[in-house]
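The chains carry the letters A, B and C, assigned in the order they are written, with residues numbered from 1 in each.
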Amino acid sequence: MNFDLTEDQKDILEAVREICEEELAPKADEIDRKGEFPWENVELLARYDLSGIPIPDEYGGLGADFVTWTLVGEEIAKACSTTGAIYGANILCIHPIYVFGTEEQKRKYLVPLAKGEKIGAFGLTEPNAGSDAAGGLASAVKDGDEYILNGTKIFISNGGQAQIYVVTVKTQPGRGARGMSAFIVEKDTPGFTFGKQEEKMCFHALANCELIFQDCRIPAENMLGRENRGFRVAMETLDVGRIGMAVGAVGLAKAALEKAVKYSKERIQFGQRISSFQAIRHKLADMATEVEAAELLMLKAAWLKDQNRPFGRIAAMAKLYSSEMCHRVTDQAVQIHGGYGLMREYTVERYLRESKLFEIVEGTSEIQRSVIAGHVLK
Amino acid sequence: MRIIVSIKQVPDSSEVRFDKETHTMIREGLPSIINPFDENAIEAALQLREEHGGQVIILCMGAPHAEEQLRQAVAMGADQAILLSDRRFALADTLATAYSLSTAIKKIGDYDLLLFGKQAIDGDTAQVGPGVAEMLGLPQITYVRKIQISDSKVIAQRVLEDGYEIVQATLPAVLTVVKEINEPRHASLRGVLKAKKVEISIWKPEDIDADPARIGKNGSPTDVIETFTPEPRGDSQQLSGTPEEIAQALFALLRQQNII
Amino acid sequence: MIYVIEEKCIGCSLCVKACMFGAVKVVDKKAVVDEDICTLCGACVTACKKHGAIVIEKQSREEADLSAYKGLWVFAEQRDGKLMNVALELLGVGRDMADTLNVPLSAVLLCGTDAPAGDGIPQQLIHFGADQVYIIDHPLLREYQTDIYAKALVSLIDRYLPEIILFGATTIGRALAPRVSARLRTGLTADCTGLTIDTERRLLVQTRPAFGGSLMATIVIPNHRPQMATVRPNVMKRLEPQTSRTGKIIEVKDTSLQAEDMCTRILEVIHEADTTVNLQEADIIISGGRGLGKAVNFKLIKELAHAIGGAVGASRATVDAGWIPSYHQVGQTGKTVHPKLYVACGISGAIQHLIGMQTSDIIVAINRDPNAPIFDVATYGIVADLFDIVPALTKAFREKLGKE
């Protein structure tokens, strides 16, 4: 069993680390404080070929594997959680188009996404359908060679900023999951508008808003996958998204751990560095162990996906474990900083707030447990 | 446009640690990097290629492991890389280096612009660029912070001690650049993967018809007869008290030593 | 070539530590030198003084007949008809050496004036130590241009055969000298901080910093002439002018100079405001770093600089942040300075900054962080908030020096 990275992966990560440390990390605090969507970071990712890592070269991607996508995502998330979240939300649009798209759809939508010329979003959640993903009311009615979309999606990451959206709607209401279809919708399509940007507890610069469809007409060829088979598109996308969540959570936890380690080496109390006190040492040991374990789950899920083997169970485990781990680690990071941990200037308080996102978004921890139990009890 | 950028592999002095006991820098085991000013030169070349089309060729005289830096340059976007490497090139001073590089450049041929970084951070001489210009009989513009090319002419902003001047020359010409000219890009991931596969040409003196008497130690008029670490500064004196007290104390010390 | 006398080597690794190129290793308790990496700099030989286990043998070369070259020249750099200070400093260090060599000390003046004999500059040069002044006064030499200056200088050198020529390491000197040395295929040493004469071998012995100043090298040019060097401004001392001194003024006509010789053309020269004091010639520099917090706080630095009569310097972080223009930057990728007094305010002292100022005579460091590396090079360290200290200094200096 080989736990090593390939030479290509090592070289890619070295280049990515340089970009993350020099370009993303220095501005991360400011971006969150300002609360403005960081387009310059999105353009940076595109410029350095970070946008379409797992997509083949023929569609404008780098042609690397999904493990590489996660490793790169981890570095991005560690340097700047907002940019990491954008990177993670983007894959939710890229993946379904790559897997379920027709050749034409791939040429038209996947290529600009993979090249980073455009970014994407995924619209599943509705005001009345969160955990109960199949309970959505947004509908699509066929009219000639078009579909008319009506309904609202809520909390959509990259919403309002992304140019390309994959949304799920009911083409046969009343049949639950079996009446759901997926569509590709472009920004500026008449009838497609956005709600206000949500003010959140964390990730202030990340775009999250409602997608509002009012008699929005889109061409029939924008259906992604087959009619009434959209739930499958959603579930597969969520599986990938779970790995993405683990990526963000592990990256964030690593950032918090790094700050905690650094602080404990510098802070002197009672004439000693606090890193010499057992209480602190044990905390750091636990944090480091948890981060390592979460990363392994994340990598295994990505590896299984690259092998084209079922990865849903491990992905759910990775998401569940890394999100709760991240909360624990960021919490302890604040604790280790003592009073300074509460101060904005020291950043770790932001990390703690951000960790909450991972426990909820893209399937709450409770849903993950349900999913895992389903596998365990087969 | 065909642009040749000359780069040098140097030790990474940002990794240098300070020995607090001896007040000197600990230089052992430093990793190697592309000379920072040469990175600016590479970036300038890449930007010119973006604007005018053409090719960017990297040339380096160095030890075999300088190949790493050449691949880095290709990862940034350069088209081709050539390494002059042979024991006979080694131990060259700036004259022999300029000769070796200019002979290689003649071999590459058909160039429009030669770019160098202002100076190497280990040698700090800034002599190789002008030396190459002389040996190739080309106009030189040093300390360049802005380049504009049109109609086979270059118009450059040259930094002076107290301002700058705008200088024009006909191509081909030699320019040495300062760090204000640009912010060097990072390697792109495509570049990184391409750089792993690209073939770096390794040239020896025979490949460029170099005169053995003018390369390496043979071709070096200057001779380093000794190196030594400079005198350490000695311990510092702490000044403390209220700001006013410190100001008075400092004034007295400076006056006593005839500084003011 | 370099080799290790194994019987003398005790495997103490002092040589390994001394080598900055990683060319020496200790294998089985004996030193081993990798000749592919070794640059024959001799640091290991010096480190092994006690045991003498490492030996460098210089290959002897045929001594060329260099006896025809006599005389010590100083390039008298002038801009807009004004003589640069560094030229006078060069005469200062050249005077002793010329006496040791028993040759005249000559200044070389290239200019394009309307007045005869360079308008007072030749007299100035003689008062500051020159025995002779060679002048080429030609309209094409009015403003510095590399090709025409190189041509004029080389023809002078070919005619009069000096054994040594010194230039100031200014933007002009560092553009002109390597062009000339390459044309003459002779040696040039850059940025010298020390110059002496080896009387036995009749050689100029040049000392200069490398690796940003963390290593000093001693260099000679045994077999080529002229021996050329550029010298850092503000390092050598100029002599007191003696108005009674007399000397020879040699006007040289160069009819070969043509406009076509100039391959570059200066379209415009822009002198920038706020640079009235050249950092590299300043005696006092007050420098600001990231500790200032924001651009507007450079006001404090400027006020102190004004009160004390100094120039304003800056760390790279502040320049990159756009708080102050880049020509104030002191450091490895900025300017190297060595004033009498350098006051670092809110500068942590990263290596790249230290490289630019650590040879200053007196360094005062003001920083909140007692562990800041700047205190390693400080003559006087002040661990305090610069926002308290700098205004207090400004106030004290204003009062005592009577400036308002």
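Operating definition for what follows: a residue touches a chain if its C-beta (ideal position, glycine included) is under 8 Å from a C-beta of that chain, and two chains touch if they have at least 3 such contacts.
Bear in mind that the values here come from a model prediction, so they are computed numbers and not experimental data.
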item	value
Core chain by centroid distance, with centroids computed from Cα atoms only	B
Greatest separation from subunit C - chain, by CA centre	A
Pair of chains joined by the greatest number of C-beta pairs in contact	B-C
Between subunit B and subunit A, distance of the C-alpha-averaged centres to the nearest whole Å	42
Between subunit C and subunit B, distance of the C-alpha-averaged centres to the nearest whole Å	18
Centre-to-centre distance between subunit C and subunit A (centres being mean Cα positions), rounded to whole Å	55
Where subunit C touches two or more other chains, by residue	none
For subunit B, residues contacting two or more additional chains	none
Touching two or more other chains - residues of subunit A	none
In the complex, subunit B residues that touch subunit A	75, 185-193, 196
Partner subunit B, residues of subunit C touching it in the complex	16-17, 19-20, 22, 35-37, 39-43, 46, 58-59, 146-147, 150, 170-171, 174-175, 177-179, 181-183, 185-191, 209-224, 263-272, 275-276, 278-280, 283-284, 308-309, 326-327, 332-333, 340-341, 350-352, 354-355, 358-359, 361-365, 373, 375-384, 388-389, 391-393, 395-397, 400-401
Complex interface listing, subunit B residues touching subunit C	11, 13-14, 16, 18, 20, 23-25, 27-30, 36-37, 63-64, 87, 90-91, 93-95, 98, 121-131, 133-135, 138-143, 155, 158-170, 173, 179-180, 217, 220-230, 233-234, 236-240, 243-244, 246-248, 250-251, 253-254, 257, 259-260
In the complex, subunit A residues that touch subunit B	7-8, 11-12, 14-16, 18-19, 22-23, 47-50, 53, 62, 64
